[in-house]
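One chain, chain A, links the two complexes that follow: it is found with chain B in the first and with chain C in the second.
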Partner chain A sequence: MKKAVLLIAILMLTGITVHAQEKLTGLEIMKKVYNRPTGNDMEANLTMILISSSGNERVREIKQYIKDSGDVEKKIMFFIKPADVRNTSFMNWSYDDPKKDDDQWIYLPALKKIKRISSDSKGDYFMGSDFTYDDLGDRKPEEDTHKILREEKLNGEDCYVIESIPKDEDYMYSKTVTWIIKDKWIGLKKEFYDEDGEYLKILNIKDYKKIKDYWIITQTEMDNVQKNHKTVMKLSNIKIDTGIPDSKFTERMMKRGLK
Partner chain B sequence: MEKLINSILKKPAIVLVTILLISIAFFIVMKKNSRMETDLDKYMPQEHPAFVYSNKAEKWFNIKDGIIIAIENKDGIYNPRTLKKIKDLTKKLQKMKEIEKNDVTSLYTADNIIGTDGGLDVKAFYKRVPETKEKLEALRNKVRSNEMIFGRIVSDDETVAVIIARINDNVFSQDFYKRIINLSKEFEGPEKIHVAGRPIVEGTMALLGPADMKRMVPIVILVIIIVLYLVMRNVKSTLFTLLVVLFSTIWAFGLMAALGIPIYAVSTMIPVMLIAIGVADGIHLYSHLFHFMQENPNADKRTAVKNMLHEMWKPVVMTSVTTAVGFISLLTSEVYPIKYFGFFTAFGVMAAMVFSLVLIPAGILAFGLPHSKKKINIDEEKLDDSKDGIAYKFADWVIGHKNSIYAVTVLISAISIYGITKVWINSSFLEKFEKDSDIVLTDKFINQHFGGTSTLNVILEGKKEGEFKTPDVLKTVAKMQDEVVSTLPVVGNSFSLSDYLKRMNKVMHADSVKYEAIPDSRELIAQYLLLYEMSGDPENLWQVVTEDYKKANITFQLKSDNSKALKSAIAVIEKYRPAFAKAGIELNYAGSGYKALVFTDLILEGQIKSLIMSLFIIIILLALMFKKISIGLIGSVPIIITALIGFGIMGLLNIPLSTTTALISSIAIGIGIDYAVHFIERYKIYAGQTQDKVKTTHYTMKHTGRAIIFNAVIVIAGFLVLLFSVFPPNRTLGAMVSLNMFTSFLGTITIMLVILYGTNIYFQKTKTKGE
Partner chain C sequence: MKALKLFLLTVIFSFVFVTALTAQDLSLTGYARNYTGLLLNGNNDFSIIQNTFNLNIEQSKDFVAYKVNPYMYQYADRELEIGLREVYLDVYFNSVDIRIGKQQIIWGKADGVFITDIVSPKDLREFLLPDFDEIRMGINAVKLDYYINNNTFELVWIPTFTPTRYPGGNSIWQIQPEFPIEPVFDYSKQKVEQSFKNSEIFGKFSMLTSLIDLEIMGAYAWDDDPTMHVYKQIDPVTHTLTGLKVMPEHHRLTIGGGSFSTTLGPFVFRGEGAYYSGKGFNTTDPAIKDGVVEKDYLHYLLGTDFTVWDIHTSLQFIQERILDYNNFIYNDEVQNMGTFLAAADYLNETLHLKFFMYYDFENNASLIRPTITYDVADGFTALLGANIFTGNEGMFGRFNENDMIYTKIKYSF
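Then we have the complex of A and B:
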């Protein structure tokens, strides 16, 4: 009997949850994805594989540290491979304030100088990959208008299918469509359409893990179908919430490099 | 053979109807299936190593030919209106379905690598059109200080800016060209818009040449009809001679269409050849017929036709077979359109032979003998009397001056050989156009303001990854670029990975000119490149180097696409081959300009090969036909002289060899041999009949000499019409065909006659008997 009551309770509860979920708007869903907690800091090895249309592969290995300190997200990266760019480091400060552009620095060990770099927009490709800075999660949900197209199963997961259209007409994409896992708030797949409305890229999440209660995406693949160019990003040796100090994200550390 | 023809001719009406029906069938197939091939890449032998390599390299670096649109404002381009035009035109070009977005380069799309206080930035020159004076001035300074843009996309005097739209080989069409022109017209005024670039030149040429031919050929035929009529003074014989040409052309093109082979630019020469060759058979047949009718005024048409065939089938078959063999020898060419040209012309020649032997007699049998006897007969007899006089006198004069003729021949041959040494091949497409045509003027204009409209790509291939991050290698590349550009005025510019590195090194050192050089450290080069990839559009980088830094592409901009210009650049580049080889780097060439260069060399090589080969085959054939080796040699004299003079004059007048002019030598063979065969055959017959050398030369000159001169006059008149063509290569063709006809004719009735006379062939037996 007790079991039956429990079962009913669970059923009711789930029913309520489902009901609540149905009420979510597209924007709310995208906000949940954007704000999905991933810890305050993270240390990991990033392997980036660039695959050209002819099948040629270039592998880059990077050590990266990320820390979210409220209104600013700081990131520092050190190249491990290829050897001729070892210890080239890259630092990025991204601000919550949408009016404020990212601050970016690069340190070239061969030149022994730190240079500030800037780019025209976040639509720039990240380190020659098929990802733009926006694709890597910098784009804020408020910049687009979202619409729930449907709900469907993808890879055995219940997903929302959300269509996002940028408010800025000059943006590099005219539309994106994202499959979002309902209770995990992970975008499992995303299709990108270029300015002319033509199919441009597809992002697939190949692997994600639960680390310290956080859902962390550990392997993604971006396929530019127009250029037939592909980028695979893998995270390994992930350490979360180890208490990386703010002093890690300084020009001094950039210069010091990996020992 | 004769029996066969005679039995066929028992029912002339059926023969006529059958040929007509087959011709109509071929005509329908031709109308339905014929298509013109305008993609010049299809002309080239794709399996040739140079093409295979170039095509591969074009894929590695996305090398494509560019349409260049220049926007000219005499007051300078730095004003909101002109800048807006650059932006709008760029965007419109990017939206065209034939053009990929990334393949359009202009001031609006170009990357500006600049140094900011202590940093590096890759920015657009402008996104929103600058309106204020300060902003315009700032843009001007940005462009001036960027050597990767200044003088390349904006002219040094700041009055012209170019937009370059690179397109694939196969997208050019008349419609696309029209849309580009219309688009540029929209932006015209007060700015001037100029459109140039290789795709435009190639495309226009591929369309203009055949279009001009289409317009000119009917006029050529009309003139031939008129002259043919003036010579034959008879409608029926004129008509049937023309039908032979017309049907053989239809059969050749019909077969081509039936086999699914497209019409190439050279294929438009097939009717030209068939006209020149086809009328000959008709003229000789009718000429003989008239001759026979004069001697036997009361003979009926069957007797006349029988005699005509009996006496003439042999020379007609012999001339046709030798001519066809001459064209068949073109099958040795590596260039498919030329192979097809040779094959289908040979087929057309054989068809013309059959028609001459069947259609003409059938026509006579069906429609009666080709002249109303009385009136013209008297006229002709009179004319003939005077002509006899001329023919005899001329023959006597030739024999009388044989030493002078030998001397003149030797002299002319010597001058021609000297001329031949000066013959050069030109792969230029541009130089095929009128000097004051829009296309040439625009090209000149852009060449005045920029590096050049033609490109040569040098492809370097290293053995290991990262080869093109090595300072020494890059320094050699930069040195080679400098030497080529500074020593050759025809090379206006060059571009490679070294230019990116020089620019970045300079910018990273506070714009100090001292640092506009390749860095000494491999690490620094690697780090600069990484930096560029992180801040700019790496797509641009992959046009000068492959992603593994194993292969590099150096682009030279030339102000001319002619072979001399390309070869001069290659000569300087070749000096660096050993230096690269030492580093294990292979050097090769790519791009459409280089392919055209290789292509013309191939054509020439093939042409010379087939010329020599056909000469030998024809000597052998003649020797077999006349059962005398000496006849083979004598018969080839007019051809050799024609070829010598033809090429010699080209050399002396600085007319370069090109696809069309090289083919003209085939005509020399095709027609020269006809004259010789007819002449020798007649000479042999009269020699047998008269056993008198003087009489033989007289009669031969009267009989065949007249036919030959008619033939020459008709074809020359026809081809001189091409001198009024709007497409210069077609003009050259007209002049050269006329010249070849003339020298063949003259060579046959002078030097060949002298030699024939001198050798005593066909008289020797009598002499030995007499002795």
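Then we have the complex of A and C:
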């Protein structure tokens, strides 16, 4: 649960914008995806549907707020479903300084206590889903070596196909391959290969839309082909640049919840 | 004071009732649970068969919110218990929150250990085995929080003292005090009379920053646990002990303390400590007629949390030290304890394995608590666990006949 947090929104907001006529390197393309403007703040409802191999569904619902204040991005998430985690909240402060680790806290209503937790395990899975924290957008482009494999159409969109190989040989993926829409800079599809080079899972973008001049991915699906387990992730009630105050990202709000 | 309490409760209930009737966003959550424990003493005795219903009624509108938390415990061998764990009203201002009513207040950074976490008294009828939200009792209090950025000043006033709740006479968790002869108990001084002078006050400053989380607290409160004043009757001729009168009495304590939590790479480091002034200890010093001496006392903890091979691990070292000690004092000068936690999730976080242990270094005794929990469906969990006591003495060893396995089937809504 402590991981139940953050980066979903980043994934949802991740896109790219590059001028088609420029000759870009793989790293430049991935940086444009990572750095695509997403507004100064955002609030949204996040729904995750976890579907097991037997077809059983489990649903997680979260209300989240994100604010980018320049050198620090703050996020707070309030868990709504399932019932046994209701009123749990999670807060993350992420820094532009690559040397500085994220700060993370979780409020557990049964303990009525805020606990500081380590942000070191970004390869961990988020709330039992098929997304790791890195999958959700927290992985910096400089951590991988990128190569443009080809350019091709996917779902009617002109895409770059980028192969990314981690510089850290012990990372949980041996490589990923991403299809990126050229004029929107959205990763439309991504294949993940495990440490042994075996095909592990595939991410498909099911829906995206433009809100206040920002391309927002509103529905994704991650399918773990090895475990035959799938996660559908949906963003709704999205509000961008509404002027969320700094006081939203405090101990006071973690304890108060959505009241 | 009783009239004031009744008045406040009437106001709160009236407000809740009227608001609930007109509310559209009333939140009803809670759980139903069966908890069945079997002693491993060879007789197949049930240590507990308990059905619980817990309801949280909550609503908020603009700057006002309230919560009512009724609960019900139905036992196979005890009377039905119905109560209100929390009933409070919140009022929110720009930088101030006020909470009035019966509430649980939890402080500190320690897990499973009570050092600065002394505002809400404990319900120890089932020792330390219930979930922590069931161990902490709600207390009638006024709590005021003043916020500046990520700093909080908290002030708690408790008009009426509530002591620790202990097991009844037939409970397997009752601790029998050891006396050389059968004592006579006199409870005339145990009750703390309700008056302004006898109220309790707690204050805390807390800050949450990128570098460190910090809490500094102080309190002028009653010791939740009574001190046993022991009066001896000695035969003047034979100088032998002919009678014992035991008078439990709560002592006033002045307490100062604090806690911190910070991260260093993959590690979280935590610490918590408190200095208790005026705590009563039993002594065998013949010059002291009631067998009690007041000493200052230090209680602190250092701990770390980390993850190794996807197993979330936590270690804590706890020390209690009586200052200005002399050898007449019944308790040891220093008591050392440790806790160890290892927890891991499997099957897309539907299967949870947990191992928790208290270890009493002085008595070479422990409480070991392994559990397996499976999420059958959203909100529906099944838990199989065990409580194993090792050793023969100390707070854990004395219960070495109470090893048990148990199940908890819980549906949350």
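Everything that follows uses one rule, which is that the second predicted complex is superposed on the first by the 235 of 259 C-alpha atoms of A that agree within 3 Å, B and C clash if a C-alpha of one lies under 4 Å from a C-alpha of the other, contacts with A are read in each partner's own complex, and residues count from 1 in each chain.
In this section, a contact is a pair of C-beta atoms (placed from the backbone, for glycine too) under 8 Å apart; a residue touches a chain by one contact, two chains touch by 3 or more.
Just so we're clear, the structure is a prediction, and the values are computed from it rather than from any experiment.
Annotation: superposed three-chain arrangement on chain A; chain B versus chain C shows a clash.
Shared-chain residue A:R252: touches chain C; no touch with chain B.
Of the two partner chains placed by superposition, only chain C is touched by A:K81; chain B is not. Of the two partners chain B and chain C, more residues of chain A are touched by C.
In the superposition on chain A, A:G197 makes contact with neither chain B nor chain C.
In the superposition on chain A, A:I106 makes contact with chain B only, not with chain C. Of the two partner chains placed by superposition, only chain C is touched by A:V59; chain B is not. Look at A:F90: by the touch rule set out above, it reaches chain B but stays clear of chain C.
By the document's definition of touching, both partners, chain B and chain C, reach A:K115.
When the two complexes are overlaid on their common chain A, residue A:M127 makes contact with chain B and with chain C alike. Only one segment of chain B in 332-340, 404-412 or 476-484 runs into chain C in the superposed model, and that segment is 476-484.
The contact surfaces that chain B and chain C form on chain A in the two complexes overlap at residues 50, 52, 56, 58, 82, 84, 110-111, 113-120, 124-125, 127-128.
Interface residues of chain A facing chain C in the complex, by the touch rule stated above, are 1-2, 50, 52, 56, 58-59, 81-84, 86, 93, 101, 103, 105, 110-121, 124-125, 127-130, 227, 229, 246-247, 250-252, 256, 259.
Within the complex formed with chain A, the chain C residues making contact are 29, 31, 58, 60, 65, 90, 92, 97, 104-106, 108-109, 131-133, 136, 145, 147, 149-150, 152, 206, 208, 210, 213, 261-263, 265-268, 305-307, 310, 312, 345, 348-350, 375, 377-379, 381, 410, 412-413. Of all residues in chain A, only 50, 52, 54, 56, 58, 79, 82, 84-85, 88, 90, 106, 108-111, 113-120, 124-128, 196 touch chain B in the complex they form. In the complex of the two chains, the chain B residues touching chain A come out as 59-60, 95, 116-124, 127, 466, 469, 508, 519, 521-528, 530-531, 533-535, 537-538, 546-548.
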